[in-house]
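Across the two complexes that follow, chain A remains constant while its partner is chain B and subsequently chain C.
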Partner chain A sequence: MTKALKINKNAEQGIKEFLRFLLESGKVKGVFSLKKINKEGAVAYSLITDPKDLEDSVPFYPVMPVTAGSLLSRFTLKGSPDKPVVAVMRPCELRGFVELVKREQGSFENVFTISMTCGGVYPLDMAVDKKIEKNLPKYWDAVKKSEIPADVRTACKGCTEFKPYTADMTVDLVGNKDIDKQCIILLNTKNGESLADGMDAEFLEKKLDTKKLDVLLDKRAVEKKKLFDEIDKKMNGMDGLIDIFGRCIGCHGCMRVCPICYCKLCEFESPDSEYKPSNYNSELKKRGGVRVPPGTMYFQLGRLTHISISCVGCGACDDVCPVDIPVSTIFKKVGESVQKIFNYIPGKDVKESIPLVTFEKEEFIEFEE
Partner chain B sequence: MVEDKEFMPKILAFLCNWCSYAGADLAGTSRLKYPPSILPIRVMCSSRIDPLFIIKAYLGGADGVLVAGCHPGDCHYEKGNYYTRRRFALLKKIFEELNMEPDRLMLSWISASEGHKYARVATEFTEKIKKSGESSVKNKIFL
Partner chain C sequence: MSKSKETSTIKTAVLPAKSGTKKAILDFLKNAMDKKNFDAVIIPMRVPAGDSFVYVLIKDVSLLKDAFPLSPVMSVQGARVVSSVTRLGKGDMKIAAVMRPCEIRATIELAKFGQVDLENVTLISMDCPGVMPISDFLSDPEKGMKLFDDAVTSWDDSIMRPVCKICDKSSMIAGDIHIGTLGAKKDTFFMIPKTQKGNDTLEKSDIKIDADLDEWHNKVTTLSEEKKKKRNSANKDLKVKTGGIDNLIDTFSQCINCHNCMKVCPICFCRLCYFDSENVKHSAENYLQIAENKGSIRFLPDTILFQTGRMMHMSVSCVSCGSCEDACPASIPVGQIFSMIADETQKAFDYVSGRDINEPTPLVAYKKDELHEMEDAHD
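Now for the complex of A and B:
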């Protein structure tokens, strides 16, 4: 049982009221949340300091323009805010931020987090022409019933980690039939409790209804297995990989939006990795041909070695791929198998080291020959 | 000349300066026999070997890649090879998961006094690669 806050308004109005309380009481200086920028359904993350601007904020809007993890990293990279800020973000965004903090690319100092049991988000290309707006009633209906809303991101369909690990506060959404009437905010940490303290609302002892979460978990697990089996059939050695990645145009969009890819000077974008005439010549001599742009497989495999250990499965890469390569499914599948041998869950605990920067003296004996 | 037609793999070997390279040297000065399949590259420590090097070698058409360093606990830089082991495990798992011939990658600990072990590892790995045949990646254009 944890302490919880019950606000008798629908989930979105409730959380906005809570955020307004935090701003007006001066407990936080700013709110980091999704905000509408027009009536067509375009939203963007914004840092809001004026309670009036909360009117247009849409903390639970089912779209992820850029992962909030990357954005918070940019926000806190060169120093934490001097006054507390509260960020509303999805569980995978929070996990991404935790991984970035482990890489010293951000800090939790003066940053409080509100997350939610997450129903998933729609692909970015639906954030135009009111496509998401029209879908909203169906979306919330599915969330209430612990179902997977139709047309959400592939990554969301198979996501089994929709409950946040480390959020200061968690809003109860999935399987909660009363989200039209009340907003339940669980206060997971001391920080969460002290922020909620003084709010004019009902305080109670509550925990998440695991039964209702499990209903969704089962459905997602089935979907995930289906996705993984499908991709596994295609990933049969180099031929399979060429089939999958052959249409890559080398835009590196997947890398840019990835919350784990943080390098400012990327190996794959360095002039050093550009092919010289001698490289082309030797390739032509050796193989009788060369793909242009070259190095697609090197890029994808290389990125797998860099980020698979920390892949949080947010699906941002899928969203931006202009040629619809199922990047997130592949990375999540490979990622999970790698994470398993290191017994590591990315984003679960900010104090736990990334497996590649630590070691045990006696381990992985089976890899030596 | 039947022998000429026999497939001799190209195996890229990353050897650490302090142990495995010295071990390979010892194998040579001891006149131990091992196949001419190994192309050694000396690195200061096995932890210098970025998994990207191995990927590049594999995509470049190497039939096998050997990573060798000091025995755990004997690293010249105290703990470099522990990191190597984790990185190698990660890379091998990725190869496995993509069904990409993980057996073409090998990790071995060879000390400066183990000329015999070097010759044995080189022979055994070469035999293993011979059985799997030439790397199919060699002739792929669209990488």
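Now for the complex of A and C:
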């Protein structure tokens, strides 16, 4: 059992009221949340300091224009806030931020997190086509019933980690039939408890209904297996990979939106990866023809090697790909197999070190032998 | 590259194309490679899966038969290709690059910026019916091939990129040789040399340059005038839709800061963009202060700063290719906007990007009278 806060309003109004309390009481200096930023209803992450501006916030809006992990990294990299700031983010976004913090690309100092059991988000192009708003009733209906809402991101359909590991507070959404009437916020940490302290609401002891979460988990696991099996058939050796990535236009958008790819200068955009005339000559000698710019596959496989240990499966790469390559399915599938070898779950615990930067004694022995 | 000649005095070669222009162009390239006029060719090829086209540097002449001089999509802007091949040295191969006019113009801009070495490169452009948005082609490649083939014959631009529909420079000769299909008699096409290098190339291939250019020229002028009209009216509408800061903010409201537009732009060659540099990154306290001034700020901030900043940096060289729009995951009409502004900035300097390699880029060259203007301003 955990301490929890019950606000007798629908989940979104409830969380907004809580955020307003946090800002008005001065417990936090700012709030990170999705917010409607114009009359047309475009939704973007915003840093909100005035409680009045919370009016247009839509903390649970099912879209992820940018991963909040990357945003918090930008926010804290050059110095943490003096006073607490609270961020509402999805479990995969939180995991992404944890991985960034491990890489010293951000800090939890004075950054508190509210996450939720997550129903998934719609692809960016649905936001662009303004198709999300009218889908919202269906979306919330599916979330209540522990179902996968139709048309959510591919990555979300097969996501089995929709319950946050380390959030200070978790909003109970998946499988919760009462989200139209009440907002239950679990206070997982001391920080969570102290933030909630003084809020004019009901305090109770509560835990997430695992049965209802398991219903969704099973559905997602089936979906994930289907996705992995499909891509497995296509990824058949080098030829299969060329068929999948052949249409890549080299924009590297996948890398730029990836919460794990934080490098300022990617190896594959560095002078090391550029072809000199001699490189072209030797390639031409071997094959008679060379695709220019070179290194399409090298980039994809290289990035896969670099980040798969920490891939949180958020699907931001899918959203941004202008040629609809199923990047996230491939990265998640390879990612999980690498993570399994090291018994590592990215973003689960900020104190757990990244396998590729630590050595264990027995690994040395393996090496010697 | 030698000094360019006036179009009116240019003569052209007329070549037979009994089995189609594509075959004839490939035969010309093969012949030129056999004669060692070129060691290699840069030309689009279809990817194995068939769902896109990419540029390939071909040295093995047998690969040429699968090349597509006029591909339905522009997955990578050709200027980036020539830059990749020559930026770190001109190499020892003589290369022919077969590209669209806007790609050649961008190549010339990059040459002015020292990002391309043209000494060993012969630029061959052709009358361009436009390219399809890559997502349209991808959704059904076979249908896309058919639609594009039809459009090449009918010169109907309705399936093309929005910027292609209003491109008035689709037959602009900026490279060394231009392949003209407009106004050509049945089963023939024009090869128009623009530079001495182009002239020599054709002569070395035993191609006679003795025909008049009038037919082509008239057709091109008519088409260009039509497009210009369309362009003016399209830009008028776009100006209303995007003009003023509020409309601009709305237009870019779905921008996710991926900077794909910049990555695929042939002109944006900087390795580290100012808008990705440390200069635009602040501490949490700074961000909070900015937020407090307004009550809230979009995060990441500076979306409009990036867009207008990039515009300031490259607008004078923008060739209106539309690659940025193809790459935008949020379907922002970024190519159309940049193209519209480019018209104005280039007009201010009486400059046309990529028109002539000998024409210096306005922002790096000073003219005497500009200095006077400056002096006067301080009087």
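In this text, the second predicted complex is superposed on the first by the 356 of 369 C-alpha atoms of A that agree within 3 Å, B and C clash if a C-alpha of one lies under 4 Å from a C-alpha of the other, contacts with A are read in each partner's own complex, and residues count from 1 in each chain.
In this section, contacts are C-beta pairs under 8 Å (C-beta built on N, C-alpha and C of every residue); 3 or more make two chains touch, one makes a residue touch a chain.
No experiment lies behind these values; they were computed from the predicted model shown.
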Q: Kindly classify A:52 by the partners it touches after superposition: chain B alone (first), chain C alone (second), both, or neither?
A: second
Q: Quick one: classify A:265 as touching chain B (first), chain C (second), both or neither.
A: second
Q: Scan A:288 for contacts with chain B and chain C and give back first, second, both or neither.
A: both
Q: Would you check which partner chain A:368 touches, where first means chain B only, second means chain C only, and both and neither mean what they say?
A: first
Q. Is A:246 contacted by the first partner chain B, the second partner chain C, both or neither?
A. both
(Q) I'd like to know which partner A:128 touches here: chain B for first, chain C for second, both or neither. (A) second
Q. Among the partners chain B and chain C, which is in contact with a greater number of residues of chain A?
A. C
**Q.** First, second, both or neither for A:280, with chain B first and chain C second
**A.** second
Q.
Contacts for A:298 in the overlay, against chain B (first) and chain C (second): which applies, first, second, both or neither?
A. first
(Q) By the touch definition at the top of the document, which applies to A:194: first (chain B), second (chain C), both, or neither? (A) neither
Q: List the residues of chain A that touch chain B in one complex and chain C in the other.
A: 239, 242, 246, 287-291, 294
Q: Note which residues of chain A are touching chain C in the complex, please.
A: 29-30, 32, 35, 37-40, 42, 44-50, 52-53, 65-66, 71, 74-82, 85, 110, 124-125, 127-128, 239, 242-244, 246-247, 249-253, 256-257, 264-265, 269, 274-277, 280-281, 284, 287-294, 319-324
Q: Would you tell me which residues of chain A are touching chain B in their complex?
A: 235-242, 246, 267, 286-291, 294-298, 301-302, 304-305, 308-309, 333-334, 337-338, 341-342, 355-357, 359-361, 363-364, 367-369
Q: Would you pull the chain B residues touching chain A in the complex into a rising list?
A: 51-52, 55-56, 59, 61, 72-73, 79, 82-83, 85-94, 96-101, 106-109, 121, 125, 136-143
(Q) Touching residues of chain C toward chain A in the complex: what are they? (A) 40, 42, 45, 47-49, 51-52, 54-60, 62-63, 75-76, 80-81, 84-93, 134-135, 138, 249-250, 253-254, 256-260, 263-264, 271-272, 281-288, 291-292, 295-300, 326-331
